[in-house]
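What follows is a set of structures for review.
Same chain, two partners: chain A is paired with chain B first, then with chain C.
Take a look at the complex of A and B:
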């Protein structure tokens, strides 16, 4: 049994209303998306903005209610769980958000933020919670320097590490990563990406890795699902997608990856005019 | 928050233009992460706010320790000493039953502040949770609650208070219940706007993803953002309630004889205007100062909020 089985997931949002407030226009964000995710696997969801990648990620966690389809997590029908069960289930399926600056409560210290899941889901006492928070922060390379600080005092990379630590608190088996490095400086992207990869190995995590940057996908993903306009274009192993893309759309996406040092057909480096190469 | 800026009929007693204050204080920007220390510092820098605050503290002290501070029993009549002007024994003179005006003023502070507190508490308990629910849930819940609050806001508070007193019987608590009911929309609006401000922040979604209950999200993650402007509304509402209590007691619908309140003292004074014009001053000045002080404290909080918001 796969860790996560998603079938025929569909969601449309209302895009316009008439003067009585009735919905007139519909935007089909996600149309019949199906995929599976094994334990310890990383499935990347790629596509341009508006392709419905993030919506899929959020529907898996039921942060957005799908119109139809099914989500089965470890044999549990996620869409049928009652609110209380769902909250308990959330311990095992976590999320890391794109913008680390806004995914942490600005009025909560780093320590409290990381310890919050323990407060919500367990009856461990304060000292235990704080000890575990420190351990988690150690694990993501933050240490105990910023325990009493507020999010505004940390950099984007540090905040994303804190967010990762918070997601790990309840030892989940699935983490939905919604563009986890897109908002970070290029210089810290690799660090955070490596951290995610190391944690995956160490803890056997499965990632649903929503991303628009194929260069990152090549590094972290086992399999890739390409989406366009709410539909799955193709799903294959990362190697296959990069070596033998079957669909035109996938080829176009691959061609759009920026090359660090562009060269022409003869192998000469292309140099911006007006500068001496 | 612009959706509920419907013009409301000015209500007698609470139409001092203060309804606009909370709206201005909320702003639309992101909440300042470390707002609290900045607010305190900013308040400390305003002497008018300090003076008003100290005055209110002293007033509270006087109200609490009224029995110890008052030179005479406020209800004991001495018909031989009726309507005496201020003198060495009765610093503020005596009223038409020969009761000591200073003592009645001191006990009146008790009635006025307690009444104001009751009204503000009723408004807070009604308005804050409902406002947060409306702002958090949105949709039809929000639409219905907002309409109800708009309807309440359009009710003239004193007329409604008189009606409620007529039904439930005269008494300060009934009257303040009515005033509180009419003031609830202010709390509702501010709480709703503050909640909507953060409702769609990622950290609220993150809290849901972590498995926090809705109650925990409301109390721990939304309330801190709503509270600073609510403090301002509390202050302004206390001022309004002091004036409203005085109005009702002046009309004889609030505090019942022989108990003293500033409003009932003013009523006594007005019927003895010709014989003892000096009787008007003590309660009049106290009402004036108390309302002014509450407003100043509220204004100080508002300015401090605006300043910390704009990052200064």
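Take a look at the complex of A and C:
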């Protein structure tokens, strides 16, 4: 049994209302998306803005209610779960957002932010909670001198590490990562991606990794699902997607990845020295 | 639209070569520090740009690249800072010695700037045509009818389909990429000689980014506008720029023509930035090379080399004792690096 089984997921949003507030126009954001995710696996969901990839990520956690379809997490029907059980279930399925500045409470210290899920979901005492928070922060590379700091005092890369630590507190088996490095500098992006990969290996996490940049996906994903206009274009292993993309749309996305080769005066790409062709 | 002849005011220097369009000399910029007094955020930055040239300012958030570009636009005061020392010379005129009005008159016909979030740069309450027309009426003295015609011409030039109809649309009706095209149209409508682009594609999809970069390349060819491109992403810079200035902690770490900088970087920071670009199909061990740690904040700059705490090549006793100068390197005409070990290190460049 797969960790996550998603079948025929569909969602439309209202795109216009008449003067009585009745919905007149509908936008089909996600149309019949199905996929599975195994334990410890990373599936990347790739596509342009508006492809519906974030909506899929949110529907898996039921942060957005799907119109139809089914989501089965570890054998449990997520869409039929009652609010109280859903709360318990969400301990095992967490989320990391794109913008770490707005996903952390600005008035809560870093240590409190990471310890808060333990306060909500467990009856561990304060000392235990704080001890676990410190351990987690250490794991993601946030040193003890930041414990009493507030989010505004940390950089974007550090905040994303804190957000990762917070997502790990309840020992989840699935983390939905919604563009976790899109807001970060190139050099810091590499740090955070490497961290996510290390944690995956160490803790056996499964990631649903929503990302618009195929170049980053190769580092982290086992399989890739390409989406366009709410539908799945193709799903394949990462190696296959990069070596033998089957769909034109995937080829287009691959071709758009900027290559770090400068051009000469005529606009032709230069070739790295010591390399033929 | 093409500028056939060299624009009036282009001077030649003593050697007969074209004089610089923009020269930034030893620029330092300060901002009020929370503890009182002034805090230097950009220190002793120099570079120059020829008419029609393309140069990139590259660095992480906090490196001072945007502060530098804002200073070139003469908007430092408007952002709360001040130019502490140094000169900004545009077309032979020292702007830092002149009045604010002189600078203001240059913004538009002389230099224009586009930003990271195009949707926030446009006024949601006016049609895009009105916003383009406003700038040409103000700067070029056109009447209403001429300005409207110019707006259509510009939207056409930035390849917005059905320009004549889209001109009456409001910004919300445009996607992010299309908004950036509108911004470019607005800035280019006044025929500037220098276009400053501050992370113009960071907020856009990869496919849209590709098309905006193509557009900027075409515009440069057609109009001969010089480009100062500000970015944290060297991969994007390679697509567009002939020269690169790498900034770190408020100062220039390395500068060189693109070919030199990408293939033979001489500063460990530049090499690290190149290494952290994902290379599709080539990352065999599925790991990116990361530069450890983070950039020091202004005011926390170390005494010696500002990059030394993150540098894998740092040698105690050499790198952390004195602040290294920007040194011209042997064997390369226009290649400078701020590293005491530049001559002895063999660093990795692009190997794609």
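One rule holds in what follows: the second predicted complex is superposed on the first by the 261 of 277 C-alpha atoms of A that agree within 3 Å, B and C clash if a C-alpha of one lies under 4 Å from a C-alpha of the other, contacts with A are read in each partner's own complex, and residues count from 1 in each chain.
By our rule, a residue touches a chain if its C-beta (ideal position, glycine included) is under 8 Å from a C-beta of that chain, and two chains touch if they have at least 3 such contacts.
Every value quoted in this text rests on a predicted model; they were computed, and no experiment measured them.
Student: Sharing chain A, do chain B and chain C clash or fit in the superposition?
Tutor: Chain B/chain C on chain A - fit side by side.
Student: Is chain A touched at more residues by chain B or by chain C?
Tutor: The partner with more contacted residues on chain A is C.
Student: Name the contact category of A:261: first (chain B only), second (chain C only), both, or neither.
Tutor: second
Student: Can A:157 be said to touch chain B (first), chain C (second), both, or neither?
Tutor: second
Student: Have a look at where A:97 lands relative to chain B and chain C in the superposition and call it first, second, both or neither.
Tutor: After superposition on chain A, A:97 lies in contact with chain B alone.
Student: Just to be sure I read the superposition right, which of the two partners does A:252 touch: chain B = first, chain C = second, or both, or neither?
Tutor: Touch partner of A:252: chain C, not chain B.
Student: Output check: A:218 vs chain B and chain C. Expected answer is one of first, second, both, neither. What do you get?
Tutor: Only chain C; A:218 stays clear of chain B.
Student: Between chain B and chain C, report the minimum C-alpha distance in the superposition, expressed in whole angstrom.
Tutor: The answer for the closest chain B-chain C C-alpha pair is 10 Å.
Student: Could you pull out which chain A residues touch chain B in their complex?
Tutor: Listed in rising order, the residues of chain A that touch chain B are 61, 63, 87-91, 94-95, 97, 99, 102-108, 116-117, 120-121, 150-152, 163, 166, 170.
Student: Which residues, counting only chain A, touch chain C once they are in their complex?
Tutor: Result: residues 48-49, 155-158, 185-191, 193-194, 197, 212-216, 218-220, 242-243, 252-265, 267, 270, 272-273, 275 of chain A touch chain C.
Student: Can you name the residues of chain C that touch chain A in the complex?
Tutor: Per the touch definition, chain C meets chain A at residues 60-62, 175-176, 205-210, 213, 217, 232-236, 238-239, 241-242, 258-259, 261-263, 272-274, 276-281, 283, 286-292, 294-295, 349-352.
Student: Spell out the residues on chain B that touch chain A in their complex, using ranges where they run on.
Tutor: 30-31, 33-34, 201-203, 205-213, 216, 220-221, 224-225
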